[in-house]
Amino acid sequence: MRIGVLTGGGDCPGLNAVIRAAVLKGTDTYGFEFVGFRDGWKGPIEGLTTPLDRSVVEHILPVGGTILGSSRTNPVKMEGGVDAIRATMARLEIDALLAIGGEDTLGVATHLHSQGIKVVGAPKTIDNDLSATDYTFGFDTAVQIAVDACDRLATTGASHHRAMIVEVMGRHAGWIALHTGMAASAHVTLLPEQEYDADEVAATIAKVAERGEAPLVVISEGAIAAGGDVTHTGAELDAFGHVQLKGAGEALERILNEKLPDLATRVTVLGHLLRGGTPTAYDRILGTRSGLSAVTAIAEGNFGTMAALRGTEVVQVPLAEATGELKTVSQARIDELKHVSG
Amino acid sequence: MRIGVLTGGGDCPGLNAVIRAAVLKGTDTYGFEFVGFRDGWKGPIEGLTTPLDRSVVEHILPVGGTILGSSRTNPVKMEGGVDAIRATMARLEIDALLAIGGEDTLGVATHLHSQGIKVVGAPKTIDNDLSATDYTFGFDTAVQIAVDACDRLATTGASHHRAMIVEVMGRHAGWIALHTGMAASAHVTLLPEQEYDADEVAATIAKVAERGEAPLVVISEGAIAAGGDVTHTGAELDAFGHVQLKGAGEALERILNEKLPDLATRVTVLGHLLRGGTPTAYDRILGTRSGLSAVTAIAEGNFGTMAALRGTEVVQVPLAEATGELKTVSQARIDELKHVSG
Amino acid sequence: MRIGVLTGGGDCPGLNAVIRAAVLKGTDTYGFEFVGFRDGWKGPIEGLTTPLDRSVVEHILPVGGTILGSSRTNPVKMEGGVDAIRATMARLEIDALLAIGGEDTLGVATHLHSQGIKVVGAPKTIDNDLSATDYTFGFDTAVQIAVDACDRLATTGASHHRAMIVEVMGRHAGWIALHTGMAASAHVTLLPEQEYDADEVAATIAKVAERGEAPLVVISEGAIAAGGDVTHTGAELDAFGHVQLKGAGEALERILNEKLPDLATRVTVLGHLLRGGTPTAYDRILGTRSGLSAVTAIAEGNFGTMAALRGTEVVQVPLAEATGELKTVSQARIDELKHVSG
Amino acid sequence: MRIGVLTGGGDCPGLNAVIRAAVLKGTDTYGFEFVGFRDGWKGPIEGLTTPLDRSVVEHILPVGGTILGSSRTNPVKMEGGVDAIRATMARLEIDALLAIGGEDTLGVATHLHSQGIKVVGAPKTIDNDLSATDYTFGFDTAVQIAVDACDRLATTGASHHRAMIVEVMGRHAGWIALHTGMAASAHVTLLPEQEYDADEVAATIAKVAERGEAPLVVISEGAIAAGGDVTHTGAELDAFGHVQLKGAGEALERILNEKLPDLATRVTVLGHLLRGGTPTAYDRILGTRSGLSAVTAIAEGNFGTMAALRGTEVVQVPLAEATGELKTVSQARIDELKHVSG
């Protein structure tokens, strides 16, 4: 069998772990051959390939990002996209696809599967907002980077009696902020799941400052003040036509400067730092096990599935499960966080 | 209610997270008062206490080890130990205990519970070998430190065409080695769960070296060569009368030097490095959630239980579940690892 | 003798190293007593003190920021400031001051010395722009944090074929950008010392992108495009009335988006991250040796001097040397950098 | 001109920085061609080469070790070694050599230069014991790794009231121990430069333990107790016939166990960890500047020299200066350390 591999959507630490594990086990155990498709779905659409064998993947486990490149190209939304993929697969004698990506990428995979193309998925998102899996790789690394940053910012905040605001990724789901806030001893953590009450936030911060602490606030890029004019969501389109929210941290700073004029504040936007660099051990392992599970699914003809973490095990679940509904932070987790905040 | 808190056994990153979370929620939500017992069970036996309130725990989340100190004192194995604890509790008007520790500490807690003492546990071991919970805090940090070390050793190994042997903790269960080996792209990983075949290991290493790679071997301190004279288990007693295995890495080095005389080898024993320093975000969160769950159990009168990770949730399970049987690495996980080794 | 210690200006990693070393040697070798003044010059002006002895400084070497707090209060620029300091010193029977800070703080120290107050300084600035010393502590840590960030951003840039722009501190001197750019393999590094030619920068970036690399740009917050309308210097006043330049990175992004519309870009502003957290070993040592040198100067009556690094030695030089002229990046160092850029 | 590049002796972080900088500037500025020699002097002796151009060096700055490989082969000590090098250079039309290494490698370079071979050097040793340069690259990284390890070990030591002994590299010069001890707040630091008094060390450690601290000891692998039977110098020959001292840390542990039987101790031998992995920013910059200086020397015909750090500048000095005498730690630096120890 010949397998085409691609990575789509925003990159994240752990993608190379999946690629490496799939190639090593696929080659050694099943005798598969592999072809790398470059830049997400653009690869199979345009026939952009790169070699993929043991020598290529040997040292990529600690490397961040994806050696295959990525893009947000969506064959389902363009005319002839699916046919082009089918043609490329036929021309290169590729039997099946391993598609590693987030909601968009797996949505395409689901569609291709429904069109009779043999495809298996591996879920990826630093945002951890994919249903059907406990955690996605990339998330642990993102949280670790954010917590390291908060640890650093806490000491400079304390030296100057300033409130430090740290904005992290998370447009629709606040998992990164939730875990960062809990692990960094943040006094306030604001998520997209609930509009925040600006007065209440200011009161908490004032209370923290009064007892001599430097307030630390973690805020998701998608967090919005209740009743606010949402001026901070200066939504812009990036080069890919993707909406970029800008300014949740700065919006909060404006609010605090107004309500607590005596308190100096500083905003740090971590942004793309969170998706870069070498994966944590946790993400290397989750990525590796996902790759092993996915390639086994191909060998067993278990198409239309993706690798999912369930407790301590990685299992295959139907692709459709992952892409139905965004997994947001539950009220129970928010309550939990409140008990160690403030 | 007044709650006594203690940490027992080998320290590990995340202990302070439990203490902090229990004190914060216990104080704010339930109005509990807390007393810190020093140095494990020695504290309640001898009445060694230290204050424990918000101001004490405010900044301890990123701090490694335990602010309460630890010891391996076992009241069940000494005459009058349990009575002394009962007397201390009465004298200090302590209603219940929160005992954070590994198999020994929780075994004592189980016994105390059977004797009518109100006790709740939180499981801790960097070895991850406690049953009844998916993972224990401290483990993720230990693996991360080991993987960082392997990443470093890999480059010097490659520069000199040497085989690098990295010995990690794990006397009876090989979880640290399993995860380190998988996350560090080790060519060979040796666990206590299975005696290793020295010839087979040497053959794999020779094969790796022949294709121009610097072989990386991760070995548990408890891993033993099959049919060997076990000379490496130069078991020694430490100051606490605890058996210390020494030399799994060096034993393997001797074997390789004999079987592959042309290959230079270097052994690094990570030892106590793995249990030190600031916890990873993962362990801070698991520790925090364990502390929240445990203090809630106290408030609800749910004694004789301990906090356990099950999938994405932390729940209370009977203490007895944790201390029955050592959780060792399954054959399935070992097979998985083999697919990305060699 | 009783010595008052204070830290002024922006905090930076290594301040606690100075405090600790001065207190340890001062106490043990010279029998000095120490008093901590809180929040920079505000401390001696208002008589805000905190105890300072071995037990206080024992564990502060790895701690970022300053345990004494800081401020930008300037006694020379306020009426009666110097007299207030003199009065506090008399009241608390303080014989001499150890002032740790940057240009402003040391400028005050120089003035106080000229007024007959016994004072010794230790220079601090993450910007490394103080004359009279080879390097200042805090700088090495700042560069290391920036380089770690660039390493992370490089992998996500490569995965998406994006140009990554990293803005670092440095309003008037580009040392942090210079060292970060060199250590992070940046393709373009822009400093405040020279206005940059936007066309030339765009051409270099285009060339890098064409050979398949993801362009990495490091830019000082004070770097300005030649002939530009300087719209990016949206100078704002912070809570301390200090000018805050904003947007060097974003200004460059706008330029690139205009000149290279097909190239996606992402800006990361590292800001206060660079001054936070535990110091590198280098800064711990430089801080420690500065503290030792300064306290020896006090013991020897060598007032009006500050600790300066000269090659491998820390020596005392006249305070006035440090505060005369800003140390900017030389043309030779800029040329050097160009040879490994592009 | 065609330049051959080689790296010899023990690898260290920063070697790739030298290679990269020399190739980039040599190619772009001087139009040089480069040939990589593999495995130290073995490369030019046996004619083992590897391509070396911009594409090869583009991403190696953050990579530890050396992409060229290393060895301890010494052409001066083998028959016909120098002639073989001359022959290889003639056959491959190589005009000059860039030799990057420590005392042995630079000693060979000095000899070759005296024999009329055009050679320029760049000094490297994690031990920092080369004369004629303020610091060598690799040293800063080694110290940073050791300090990180000490920070971790300190928390587990404190939790268990144990003395932690950390053994670092340094057979004849104690620079790594000196800087590690100072940056890690070690209570005792033992160097090869001075035999230590076992009773005095035990007394200091006892004093530290009595005031409730967990003693931290940093010891060079070459440190020896005065009047001891030196049993710890179980000198062994490694695969390269190089003497390996073993056991300075364990020897001290035996001494402490005898003199302070109530104090538990743990030894960690950091060993090769110190020479592995990505270089610090400091070492990347020093390596880069060394490479730039060396290649400029070649272009200017300034042979028989090596790059040396002098204050803030990298300059070329005669090769012979570096290899005359070992640079050991001065009494002044030892005294300095004592003021922050104990």
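Each chain gets a letter, A, B, C and D, in the order it is written, and its residues are counted from 1.
By definition in this document, a contact is a pair of C-beta atoms (placed from the backbone, for glycine too) under 8 Å apart; a residue touches a chain by one contact, two chains touch by 3 or more.
All values derive from a computational prediction rather than experimental measurement.
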Problem - Chains in simultaneous contact with chain A and chain C - result: none
Problem - Chain whose average C-alpha position is farthest from chain D's own - result: A
Handout entry: Distance between the centres, which are taken as Cα means, of chain D and chain A, whole angstrom
Key = 40
Completion exercise
In whole angstrom, the CA-centroid distance of chain B from chain D equals 34
Problem - chain C and chain D: spacing of chain centres that average the CA atoms, whole Å - result: 30
Completion exercise
Touching two or more other chains in chain C are residues 151, 278
Handout entry: Sites on chain B touched by chain A in the complex
Key = 20-21, 24-25, 28-29, 58-59, 61-62, 134-135, 140, 143-144, 146-147, 151, 179-180, 182-185, 213, 278, 280-282, 284-285, 288-289, 292, 310-312, 336, 339-340, 342
Exercise for the section: Spell out the residues on chain D that touch chain B in their complex, using ranges where they run on. Expected result: 7, 10-11, 15, 39, 63-66, 69-71, 145, 148-149, 151-161, 164, 238-240, 257, 262-266, 268-273, 275-278
